[in-house]
Amino acid sequence: MENFWTTLLYAFISMFIIFNYGMVLGGVVYKIIARVHGRFGPPVWQPYINLVKVMGVRTAISHGIMFWLGPVFRFTGGIGLFLFMPVLFGVPWMQNFSFSGDLLLVIYFIFFGQLGMALGAAESGHPYSPMGIMRGLSQVTASEVPFALAVIALAAQHGTLSITEIVAAQQGGIANWNIVTNPVATLAGMMAFLGMMMHAPFNLHIAPQEIPIGPPTEYQSNFLSYMQANRAFFASAKLILFMNLFFGGATNIPVLVGKTFSLYMITVFIGVVNPRFTLENSIRWFIRIPTVTGIIAVLIYTF
Amino acid sequence: MIKRLFSFVLLTGLGFVFYYALTNITASRELTGVSAEYAERGAAELGAANLVTAIVVTYRGLDTLGEVSVLFLAATGIAVLLRRKKGYVQARSEDKRGSSEILKTGTDFLVPIIVMFGVYIFMNGHLTPGGGFQGGAVVASAVMLQFLSNPSYRLNHTVFGFIESMSGFFYVSIGILGIVLAGGFLDNRILPLGNFGSILSAGAIPVIYTLIGLKVGTELAGILDNMRRDA
Amino acid sequence: MVNPIYIIAVLLGIGFILPLTEKKLSKLGPWVFYAGMIFTALVSYQWFRFFIVSGGETYHIFTAGVKPPLSINLQIGLFESVLLFVTNLTGLAGAVYMTKQISETGVRAMVLLLLLLLGLNGLILTRDIFNLFVFMEITAISTYSLIGMDVKSRSLSAGFKYMTAGGLASAFLLLGIIIVYSLTGTLNLDGMIRSAEGIKNVKLLSIGSMMILFSFIIEAKQFPANGWALDVYEGTKPGVAGLISGIGTTAVFFGFYKIMPLFTNETLKIVMWAGLITFFFSNLMGMKQENVKRMLGYSSVAQTGLVISVSAWSFMLGNDKLIFPMIVLPLLFNHFFTKTGLFWIAGLVKKDTTGLWGSITENKILHGIFIILILALSGFPPFPGFWGKWNLVLAMSLDSNFFYIWVLLAGSLFEAAYLLKWAGITLKKDKSKDILEYNSYKMLALQIVVLIFFAVTVYYFMTGNFDHTNGGLHFYLPFALGTGLLLLPFIPEKLKGMISMSVIAVYAFYFLPDQNGIGRFFNAMFLSGGFFLTFATLNRKDRSRSFYPLLMLMLGSLIALVNSDNILHFFFSWEIMTLSSYFLIHRGKGSAEESFRYVMFSLAGAFLMLLGFAYSFPNLNGQMSFGIFAVPGQFTSLSFILISIGFLVKSAALGLHLWIAGSYAKAEDDTSAFLSALLSKAGIFGFVMLLLAMGAPSAGKFDLAYILSWIGALTALIGTMMAIYEEDAKRLLAYSSMGQVGYIILGLAIMSGLGWTAALFQMVNHFLIKGILFLAIAGVIYRTGTSEMYKMGGLIKKMPWSFTAVMFGIIAISGVPPLTGFGAKWLMYEALIEKGWYLQTGMAFFASTVAFLYCFRLIHAIFLGQPKTEFRNVKEAPAWFLIPQYVFIMAIFFFSIFPRVLIDRISAAVEPFFGKSLTWDGNTVISSLGYWNATAVMTIVGVVFVVLAIGLFIKLPKVQKVKQFNIVFAAERPETPELTHFAYEFFRPYRRAMGWMVRPYATRFWRSVTESAYTVSDALRKIYTGNGQTYIFHILLVLVILFYISTGVK
Amino acid sequence: MNIIFLIGFALMITGFWGMLTQKNMIKIILGLAIVETGVQLIMVAFGFIEGRTAPILDSAVPVKKAVEMIVDPVPQALVLTAIVIGVAVNALALTFIIKMYQKKKSLNITEYRDLKW
Amino acid sequence: MTMIGEENKNEKKNFDTELFCDAVPKEVPRINGIIQKFYDWAQANSLWILAFGTGCGSIEMRPLYTARYDISRFGMAPRPTPRQSNLFIISGYASVKTLKRIVRSYEQMQNPKFVMGLGSCTVNGGMYWDSYNTINRLDHYIPVDTYVAGCMPRPEALIAGFEDLKKRIKEGRAEGANEYAKNFEWYKANQKKVIKDWDMPDYNW
């Protein structure tokens, strides 16, 4: 951080890029899902419209201070997560504030927004909110296990927990990517990724017919706008994280777009063709196959 | 039955223990240790012809004092156990049939003789076999004869109690006198040793034995009386 | 100097003359009686002073004016004088105690007592074996009579059984005496012992000594030839039973002790083991006992067995001169006074069953005495029993007799079990208000005995191996504070709390700056934690006077623990801490069972720790510094394991955690904070000391540190897992505490600079967080009156400050950046990965994510969701609770922004042992694997958060505030808050999926252990059928068995 | 080996048998008395020396030759004490039995099992 | 804990003011200018339907999401919570019982909110015009922006209705929420006239 203001400026630029990228990505995904269904689908800029719409809502109700702060927590979590990650390898203006901490910081910061959001949603007093949170949190705990194991395997492999260094070690062609050099860990990580994206089939926490939309049942108007904007950051931040960890990172924006988009497509396609798991099912699944894979990945480096 | 079997097995085991002991006992041929010393010094030192008495009353006088206390304790214990609650009226003994004339006369005749015999035994304890305990027991047997022959016989508790207490007390006092006047507690040499073999010899031994005899006699009599009244 | 023979003479003289006063001089009798008693006490005091103060030489008394062996001689030396004094004083007290009974029975009861005393004095004084027999008979017969004195069927039958046994004993004694006499030609003990060595007929001698031995085994009530003794204790009036158990046993023991040199080493070995077996089995059988006097009887028998066992062993070693005052006397005194006192208390309470002893609380002094005696009997410091056992264990270890120590400690544990259970019952007042009859004579007698006991205790405490030069203050501090506060009678409790706080503050002020090294963190933590958490206790409304003394005792012992510089200090403080915390927990409502479980686990752990010490102790000759662990020896790894188990119990490691939830939950709410925030660190401190001194040895192929790491990781995971299913907030926090401490253990097990930094950082973190959380919950419970989370809800509106505190607490505890919890996690994972323990890392990670579940549940179920109608009017928690919480929160924020302040100091403390592990670049801490800039994280998060919050505020200047039922619904309106608040069995689906992890294996295991112990206990005690004949059978059986053991099976 | 020893031990065994098998308390005490008698017999036997006389120094036993002519006096002294003590204990025990009988009207020892375990 | 209904027995108000907010809705004026236009446009292009099948017509709504009709083209989507939806489709007859729920759900939606009456029943009662328990005119109870007549109207008709609604929104004429607030008394009176067991605050926030 040679110059604070430069860093800040760069951060704003990358945030701007990633926000739009995240929004468009969302739209594209809607479109793709619709096409898979054989529909025409909404326009790719539909997320923008939705965002503007919720911002234009005239009234809002609040259940209390924590309810009010929940989306703030959530959005801070999303932005923070993104800001703590180096986005493009070797590109100085896309390093954000990654000097703040290493991979562990990023992993743990994922929870910041979720926890804050959970608190806010829970204050609404709507029983569906804690129900959704319970489901979401439960599933996260299960899916974090293989992810953690994969990360540990990577750390063991590269002898570092710095994302930049992990990406650096993967430079120089696809043969150096972790998916090639450490396929087991990647497999475990990617299975965990399905759960972490909270996409179908692992989206019981929002189960619309059962507990309408889950945690954010009570959220509306501008609260919702924060959450929608956050989704752009959060989802892309997670994608970037996985890209950095397993797929060699990116050195320029097209590569970034390409890799993250393909990563996202994995979850989208799996989600589109799979029915929703019950909570027990998904937890058991995560604790079995992905975790065992993760343990194998770790054991490789233990002995 | 199983109990008897177990007992039998156990006692067989115990029998082997005793057998083991028995096979290892060797008969002694001569006096060893303290007994030899007693034999050598006893007569000269204490002036008692009966060495057993010398040992009992003086050398191991503390034992004997303890022995007296044991008996005293037993008597006290029995008295405590058989004590009567306040307001207890003793069953009248009229309904018991009196004993026959022959028995009464015989008893009256025998009792003084038995008492005399007892007194003789404890008076001569330092010379001949016998002593305070034996004599006392004999005296008590006279009382027992009275009890047996005469159901309505009453012991004079005041007198008996007084004799009992005072004889014990004097015994202890003589023991203390031993510290003051002679070599140690219960030393018999507070009185002159006298002529070896005569009745007034061996220092305080005859006195002590007399006291013991009185005490034992009264105590045993008291025990008998207590038991008789209660049973 | 009055010749001790006068004791005998005077007692006898008075005894003989007393019956004369029966009728006419009945006023005079008692005067003479008490005069005689006082005379003996005075004479013995004179000798006592002569030997203790002037250090006089042993004095011989010859009777009959002839030298031994011809005559009987008495001897009074140091030990005799001590025993004599204690016996006569207690005898006097006993006479006072039985005043009423004596006056009812009449003058003859006085005679019995006098002669009992005579017999006991004789037993202690005499040096002639036959004389010993006579005095034993005097003792026995007076005891029989005293037993039968109340002429009840029970006491009569007990006395009868006693007499048959006593008759057998005397028969065998006579047989033995005559055999030994026939071989040695003397009856004088010294002469016998002298000439016994040259005897040719060894077999006969061994039979003779065997007979004597056997007789004493019966008289000393050794297992299993002791059924009658238990009946006697049960059937007799407590006054007499106390005398039998106290002075009677002591004198008989001393007689036995005098004869012991006569025995060969093989025989002594038998005595030693027989005594130990008695100790073990009697205590085991005592566990099932509910009859107070019989239970005391079992304990009495056990203690006698132990004392005899130790004495026999001391003669085997040929080291009796040293062992007697160091081990035997403390054990004996401990037994003597406590048993006398307890029996006498039983005579005041007049309840046979332990369950009915609630009425003792009517009399505070009596109750206090009772508790103290129970503790002394259980072997807790600072009472003599502790010193005796401590010295015994270490001495045994020097003799490499470890099996003995195992059995000894097992027996002690059983004993503590039934005693503490009993004490626990009395601490809980029962509903039936029995009036406690107040008897001033009995109280007086009791107080005499207890006062002597205190004197003895103080003596042993003052002379008990403490090195006063170095940090001695710490060890007196807890007691000084505790008793000081207890004795401040009339000041209000609040003032006491403030005094406590100021004492802590002053202490910290003068003491902390001089500290360095790892101990400083513990000191600082305990002192600051103690200060602020005590602040919360100022809110207390109840008038109970024991709280602050106990609290200060606990804090003081924690400080003493940290500053102990040898294993004795350590163990001493450890026990005090266990004890004080036990009582603190016990104060909670309905906590009897839980606190009992706590103290049993703790005690078992402490005993294992003691065993560990013992295994290491021989390594360095007689030194007690922690250095003994550094010296590798034969048992290094075993020692490590045992000590570790002790610490693991305190840290509630998996499998040893059964106590934690219950005791944290049932303790009073402000106390729980102390337990979790401070007390749970004691085990950690133990590990720090242990690992520093010992490193991490390996047992065979296994690296113990590696195993420890798995224990830590599993504890972290399973503790957390159990926390999420709890409905009770405090139980939840208790399990959370268990999990968090698991992390600390994991960190310590890494045995690297980074690992230890992580562990200590986590420790400080946990201390702050649990302080906050428990206090916040305490505040909530204080207002709502319930700790069931699902019964609350929506309290955020009523208690926003508590909510905020809990929120920061859970953010910190779950390890989410930017608060300190993340720092701990970061350090921990870096250290683990650096070490190469990847699986443990994964498990720790899993645990930390699972922690979110309970964190959320805690805050949701209490503060969020639907407020309940009944809690509509609750107020914010009192400021007493809130202020410490916010102090801690400020500390958390400070450490979150500037973790360097803490990490630098921790690293500096850890560096001497492991070298440098972290480097700094400005505010960025750099490890070998990664980096972390807490200041930057905090700044970024803070700025983003504030900007977004402002943004939202600008966009939404006015929002409609709605109420709890203004939630989305279409069909039926929410019916009641209870039905709308989703909190009960919150994680049920999770349980369906992951419940297999928390199956109560440990509970089942420990339940089966305790149940089988009780079953064995119950089955075993059935040998005491109550039939006198069976007892005769036992006695003869023991004889035969002993004989065959000693001579070898033919 | 002396026949008296044998008789003494036999008496002891007999007494034990009585104590172990008889339910009547008086008989048990009698058994104890028999045991004691056996012990006393053994004690005296230990002092006995073949061909010697009683330790009374009269005309038959001159003081100077006492050492060679008398049996051991000590066991006799001890026995004296032992007998008295035995008597005392037995008397007390019988008193206990009397009181017990008064309470329960039974002499059977198995009836007195209120205290157990 | 109070049982259902029991809590209201002796109180004057038939609901607990501690549990329910009893504030009255307020009119929120439109901000004149380009921003409002922009918002209107966004509202029109992002209609989230409150997924509440109030009547038989709900069966006609399902095909809208299918490949054949696919209203997601217009940025429309079902939304399970009234808080986030801005289009309430009353799909057919509204019985008195359902009306209560309709009113609640409507009131729980946030201000720019639009109502579409589906089928003749909502216009004038349709075939249930003389039923004892069906209301006849929906707009007596809540403001309706668009009616789609028919019994039942086909999805195509619905789409046409959406287009009409979108036009109204863009023109700024779909101010049902403000209208409701303005004539709150009147609407409430109408509602209470038919709904006898009124146990709620007047406005369900």
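Order of writing sets the chain letters: A, B, C, D and E. Residues in each chain are counted from 1.
Note that in this section contacts are C-beta pairs under 8 Å (C-beta built on N, C-alpha and C of every residue); 3 or more make two chains touch, one makes a residue touch a chain.
What you see is a predicted model; the values in this text were computed from it and never measured.
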Common touching chains of subunit D and subunit A: C
Any chain that touches subunit D and subunit C: B
Chain of greatest Cα-centre distance to subunit D: E
Innermost chain, taking as reference the mean of every protein Cα atom displayed: C
Chain whose average C-alpha position is farthest from subunit C's own: E
Centre-of-Cα separation between subunit B and subunit A, whole angstrom: 106
Euclidean distance of C-alpha centroids - subunit B vs subunit D, Å: 15
Centroid distance [mean C-alpha coordinates] between subunit E and subunit B, Å: 119
Inter-chain centre distance, subunit A versus subunit E - centres from mean C-alpha coordinates, in Å: 36
Where subunit D touches two or more other chains at once, by residue number: 12, 16, 20, 46-47, 74, 81, 85, 88-89, 92, 95-96, 99
Residue list for subunit A, restricted to those that touch at least two other chains: 55, 59-61, 212, 217-218, 221
For subunit C, residues that touch 2 or more chains besides their own: 130, 134, 137, 141, 144-145, 148, 151, 179, 182, 187, 960-962, 964-966, 968, 1029, 1033, 1036
Every chain pair in contact, whichever chains are involved: A-C, A-E, B-C, B-D, C-D, C-E
Footprint of subunit C on subunit E - complex, ascending: 1-4, 16, 18-21, 23, 52, 81-83, 101, 104-105, 108, 199-200, 204-205
Of all residues in subunit C, those that touch subunit B in their complex: 3, 5-6, 8-9, 12-13, 15-20, 22-23, 61-66, 69-72, 105-106, 108-109, 111-112, 115, 118, 122, 126, 128, 130-131, 134-135, 137-138, 141-142, 144-145, 148-149, 151, 179, 182, 184-188, 191, 195, 201, 203-204, 207, 1029, 1033, 1036-1037, 1039-1040, 1043-1044, 1047, 1050
Subunit A to subunit C touching residues, read off their complex: 55, 59-66, 68-69, 71-73, 75-76, 79-80, 83-84, 97, 99-105, 108-109, 111-112, 115, 118-119, 122-127, 130-131, 133-135, 137-138, 140-142, 144-145, 148-149, 152-153, 155-156, 159-162, 212, 217-218, 221-223, 225-226, 278-280, 283-284, 287, 294-295, 298-299, 301-302
Complex interface listing, subunit B residues touching subunit C: 3, 6-7, 10-11, 13-14, 16-17, 20-21, 24-26, 28, 32-38, 41, 45, 58-63, 65-67, 69-70, 72-74, 76-77, 79-81, 83, 158, 161-162, 164-166, 168-169, 171-173, 175-176, 178-179, 182-189
Residue ranges of subunit C in contact with subunit A within the complex: 794, 796-797, 800, 803, 807, 810-811, 814-817, 822, 825-826, 829-830, 833, 836, 838-839, 841-842, 845-846, 849-850, 852-853, 855-856, 859-860, 864-866, 924, 929-933, 936-937, 940-941, 944-945, 948-949, 952, 955-956, 959-962, 964-968, 980-983, 986-987, 989-990, 992-994
